[in-house]
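Two complexes, one shared chain (chain A), two partners (chain B, chain C).
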Partner chain A sequence: MSAITFENVSHTPRAGVKGPGAAAWLAALDLPVPRAPNSWLPLPGGLIARLGLTEFLVEGSEAAKLAAPLAPGVYPVLRQDTALVLHGARLNELLLETCSVDFRALDLSTRPVVLTSMVGVGATVIPGEEGGMPCCHIWCDSTYGEWFFETLTDVAGELTQSSQPRHQGATS
Partner chain B sequence: MRLPPQSCEWVDRSQPLGFRFEGRDYSGFAGDTVASALVASGASVLGRSFKYHRPRGLLSAANHDVNALMQWGGTPNVRADATPLIAGMDLKAVNTFGTLARDPGSALGWFSRLLPVGFYYKAFHNKRLFPLWERMFRAMTGLGRVDFATKRLHTPKRYGFCDVLVVGGGTSGLSAALAAAEQGAQVALVDENARLGGSTHGASELVDKVIAHPRIRVFTDAYAAGYYADHWVPLVERGRITKMRAHAVVVAAGAFEQPAVFRCNDLPGIMLASAAQRLIRRYAVRPAQRVVVLAANADAYRALQDFADAGIAVTAVIDLRDKVPGEQAARVAAQGIPLYSGHCIVEALPAADDKRVAKVRVAALGEAAVVAELACDGVFMSVGWAPAAALLYQAGTKMRYDDGVHQFVPGQLPDGVFACGRVNGIHTPESRLLDGERAGSAAAAYCGFGEVRDIAVKAEMESPTHPWPIVSHAKGKNFIDFDEDLQLADLENAIQEGFDNIELMKRFSTVGMGPSQGKHSNMNALRVLARATGSTPGAVGTTTARPFFHPVPMSHLAGRGFTPERRTPMHHRHAAAGAVWMPAGVWQRPEYYAVAGQSRAACIEGEALAVRNGVGLIDVGTLGKLEIRGPQAAEFLERVYISKYAGLKVGMTRYAVMCDESGVVLDDGVVARLADEHFYFTTTTSGAAAIYRELSRWNTLWKLDCGIVNLTGAMAAMNLAGPRAKAVLEGLTNVDLSLPFLAVREGMVCGVPARLMRVGFVGEWGVEIHVPAEHGAAVWDALMEAGKAHGIRPFGVEAQRLLRLEKGHIIIGQDTDGLTTPGEAGLDWAVKLDKAFFVGQRSLMAIAGKPRRQQLVGFMLPAGHQGDAPKECHLVIEGGEIAGRVTSVAWSPSLARHIGLAYVRPGMDAVDSSFTIRLSDKSLVTAGVVKTPFYDPDNLRQKETT
Partner chain C sequence: MTCPVNGPRAISEFAYGGEIRPMPDPTTCSDDAWADYIFNRNGSPGVKREWWCHTPSNTWFVAERDTARDVVLRTYLYAEES
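Showing the complex of A and B:
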């Protein structure tokens, strides 16, 4: 039994937009706009994430709103991501073996979005907690998707079977 | 011999473990190292020396003991002094001819005068004898045996994070970790031993406090292998590497006890006092019965108590110092041990079987006359220390030589790096405790936790290290470097030969270049150099300390790595069709599709002919696919490409070449104008990521009113080409396929939104179909299904390369290199120097009127050419000189000729002239220069609209 569960949510509707006019345009569509770069807000059945300063990802049914006519300085971003939700007691160890970001140092109450590299693939990660267990939402380019998924599940499998001796007082 | 249970021993006597060494059965306990179990079982000889195959026993027992390297199955160079004993181990010494007990290689010792320092260099100086020496040395040298059948291990690597990393779990390190944690810092503490405590051997209240502290993570049986920028330190454990990123690092790595140098100082039974203490305290092993202690510091006298507790009789203490401090002398006197102050051991003599020291000869320091000959079965040396400062050096610490303690100490530490304990020149146990507290507090404060505590640490009252623990002897064998069998005279001779700089002496003599990397030898070597050159150790300095500080197993270095692999949405369709894969950058692409019973060449030719005569479909989703929108989108493209795009009509495409600032061709693709302020354009497969980054950089700098979106992974793309292509597509799209060559249209294909670009890369009527990635496989399936009636074949990269070569189209990176300008590649027509600006324009203008270095031309071999054809990179030869090279070449089934592209010198590019190409077998073939395209020179087939 895996200590980390993987859920493929690639087929969830999502859309993206970028450009200097993107934030105002989204607000005009009655979407909440995360104020801080690299942060996210919940939407009914989804979320909106601010990727850097001027790029946004909307996931869930609200993504349909982005089909509205564009405004100046707004450029649509076709999102064809592989999207995964990972959950489990050993998720932090998986993240430590696959990504150089210290996720545990993040303040989840600020709803951080991390643009990083995992197993050598550019990825967007939203860390969280669910039922007292760590979880995270990960998006990556779908052309890396299969390899990305295979690699993460390989590492997760090793962690599950790991016979790595725990050293005196050592914890991850 | 095993002692009765000790109060804090590390062995578990309830778990006996059996193992074999050199074909003999031994036993030990869980918690033993291999070496401690062997010594407990009475073994004194654990290995043979590197050059002279001299019998050797434990020297340091501190994880860098070259005398105890062993082969364990497929694992070479197991460090027996630190490797935990495992039941069933079957070990051999690594450096023996025959067996450890009977090693004919030991005869080499008789010829030591024929093996002077720098012997390798002198031997290899003669070119004629080079192969002989190489074979001989390869046969005779080397340590462990590599088993090439060893299975690849994917040892995990992970990242770690902490506020303060403390390297070293001895007294000062423990104290530093505790101080930092108590100020609020998250601390990681790493120590190479199985337990914390350093010279206290794990038995201390401090250890318990550290282990119990919630903000301290402990890594034992692990070592900090190097120091990299921004406090990045790899911690190597037996089963993984943790790449620890710290905000501050405290180096409390301690010091290596140093051997004294006297004749036959390498006999089994002669060891460092700290090694004997480890054996006694940790493993309850008595390494000798009756010993002579060679001393020069307080540590030696403190160790006497351990020896007494273990029932070891001390025959005498020989102290190199003229004046032994009163308290130390009194301690010896109280035990009734004779003390020879101002004396040294000049020679050790072996027992009859050569397996152990049997006696030592003592003389006054600097005198030849032997004043005593003392029987013993062990010599314990405690004459000085060398700081374990490699990490400090790697961090950029400026070290200085402290004459008070006769060692290098940190002079100026980099920001965020702290040092304490012996490595900081603080040796007294009470002072080490305080020094650790000071450093830990400062490190935590550096990270923003608490205030720096004002802690005064007393300087050492006496030096723990003797400045010259070296005794010369006319008969030599007074070893300075145990790894390389280097004697005092070897270094003196090297200096005399002119290698009188520490770096030169190291390389010539190989001192410090063995498995222990000079941990036992570097200090004595630089003392020898300093004395011989009339200098000081501080002026001589140390050699450069590079990572790794300690050997890292290949299983770790070659452990798990990540090599991302990109697959297009049609990947599984290709696999099902028999694709033979080839890497294209990070992508996997079909090289060709295998057909049962057909060769690779036949498959490729078949695919190419299908395109020429019927219809073919190729996955081109690996191309970079970018979109740019905004009022200044056209202006942006004008600036990044060498051609003009401002005037490109909506609904049309244009070939696009990009140069760098020096005018060198960087990339190419096709720009399609979808609307006045909306362009969609492609890049090469391998250039996609870099070009997007570069364009984003330019966009940031120029601040134009436009935005670039990378659609490379979001869009699938395929090229349907051939005289039957239009017929295949007609029923699947709402786009009018009478669209002209180079047109672009948006419409529906198989019910999904698509962009269709009329292209001619392969020289037939063709259309690139770009659709969202999620629909790629469905569109591919529909085209293949519709194409069945027309004999459609999927074609791979090799067929495409052939087809485009027939058209004379270049491939960037294959037909260009890092110096090729557009003109040289035959792309003059694309360069529009009259534009206001484009990247590389200034450079191209500068070279516009100058002679070219080379010119790309098409060539063809004569009809009916027999024999080998040229290959890519074969050289063009003119007058016996290199005059160019072949960049592309193939057999064209459509033309029934060998065709290719080659760079030649200016003047050799005239059509109908010829040049010669040198093949791999050095024969020459003649090729004729021809105009390109080779196939369909008027481009009628690709332009056809009806």
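Showing the complex of A and C:
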């Protein structure tokens, strides 16, 4: 059994905006706006994340709302991310090996969003918990997607092998 | 280093953007003053205000760094400058 499962959710609709007027514009679209930088809120079938001070990512069916005409001070952000959902008992070990943020130190009740570098690629990470096991949602630039996915699955494979009992070979 | 928005991170997540230097008005300053701004840099050690970027989030901010000891004294967003 794999220690970590990967789900590619890149096909999920998503859209982004940024700019000094972005928060007010999203609120006018009846979307909940996370107040703190680097935090997120759930939406029906998706989420809205505040990336830094004035940039937002909306994922799920609600992303269609961002097709509305933009207001002054609101600029579109092209979101053609590779998006992955990782889940498993040894996920924190994978994260410790691939980036410099200790996700175990985060308070999940504050709904944190972490912008960091994973295996050298800029990534947005939302950590969570599902069924008593850690999970996380990761977005990165799709031009790095294949390499990012292969590198993470390689590391996850090594973790899986290290968790299985070693078979002793014949000794001479 | 501590990003003002993203918090403490490994230095590998940051890129140096150079010392903050006021640009002289190119329409009124002398050629010598303009050439000095374009070509010369102050390499003397001391506390300097520098541009740094947290690359995963593309957050540009100001760091006050003692270049003699390579110690970052303070980081803040440019808009928060007091």
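FYI, the second predicted complex is superposed on the first by the 162 of 172 C-alpha atoms of A that agree within 3 Å, B and C clash if a C-alpha of one lies under 4 Å from a C-alpha of the other, contacts with A are read in each partner's own complex, and residues count from 1 in each chain.
Going forward, a residue touches a chain if its C-beta (ideal position, glycine included) is under 8 Å from a C-beta of that chain, and two chains touch if they have at least 3 such contacts.
Remember, predicted model here, so these are calculated numbers, not experimental data.
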> In the superposed arrangement, does A:Y75 touch chain B (first), chain C (second), both or neither?
Replying inline: first
>> A:S100 in the overlay: touching chain B, chain C, both, or neither? Say first, second, both or neither.
In response: both
> By residue count, is chain A touched more by chain B or by chain C?
Replying inline: B
> Which of the two partners, first being chain B and second being chain C, lies in contact with A:S109: first, second, both, or neither?
Replying inline: neither
> Can A:A123 be said to touch chain B (first), chain C (second), both, or neither?
Replying inline: second
> Which chain A residues come up in both lists, the one for chain B and the one for chain C?
Replying inline: 100
> Taking the complex as given, what residues does chain A use to touch chain C?
Replying inline: 37-38, 51-53, 100-101, 114-117, 122-124
>> If we count contacts the way the header does, which residues on chain A are in touch with chain B in the complex?
In response: 18-20, 72-73, 75-80, 93, 96-100, 102, 104-105, 119-121, 141-144, 146-148, 151, 155, 158, 164-165, 167-172
> For chain C, which residues count as touching chain A in their complex?
Replying inline: 5-6, 9-10, 12-13, 54-57, 59
>> For a test of understanding, state which residues of chain B touch chain A in their complex under the given definition.
In response: 154, 156-161, 195-196, 211, 216-222, 237-240, 243, 245, 560, 562-569, 571, 587, 621, 627, 629-631, 705, 707, 709, 711-715, 772-774
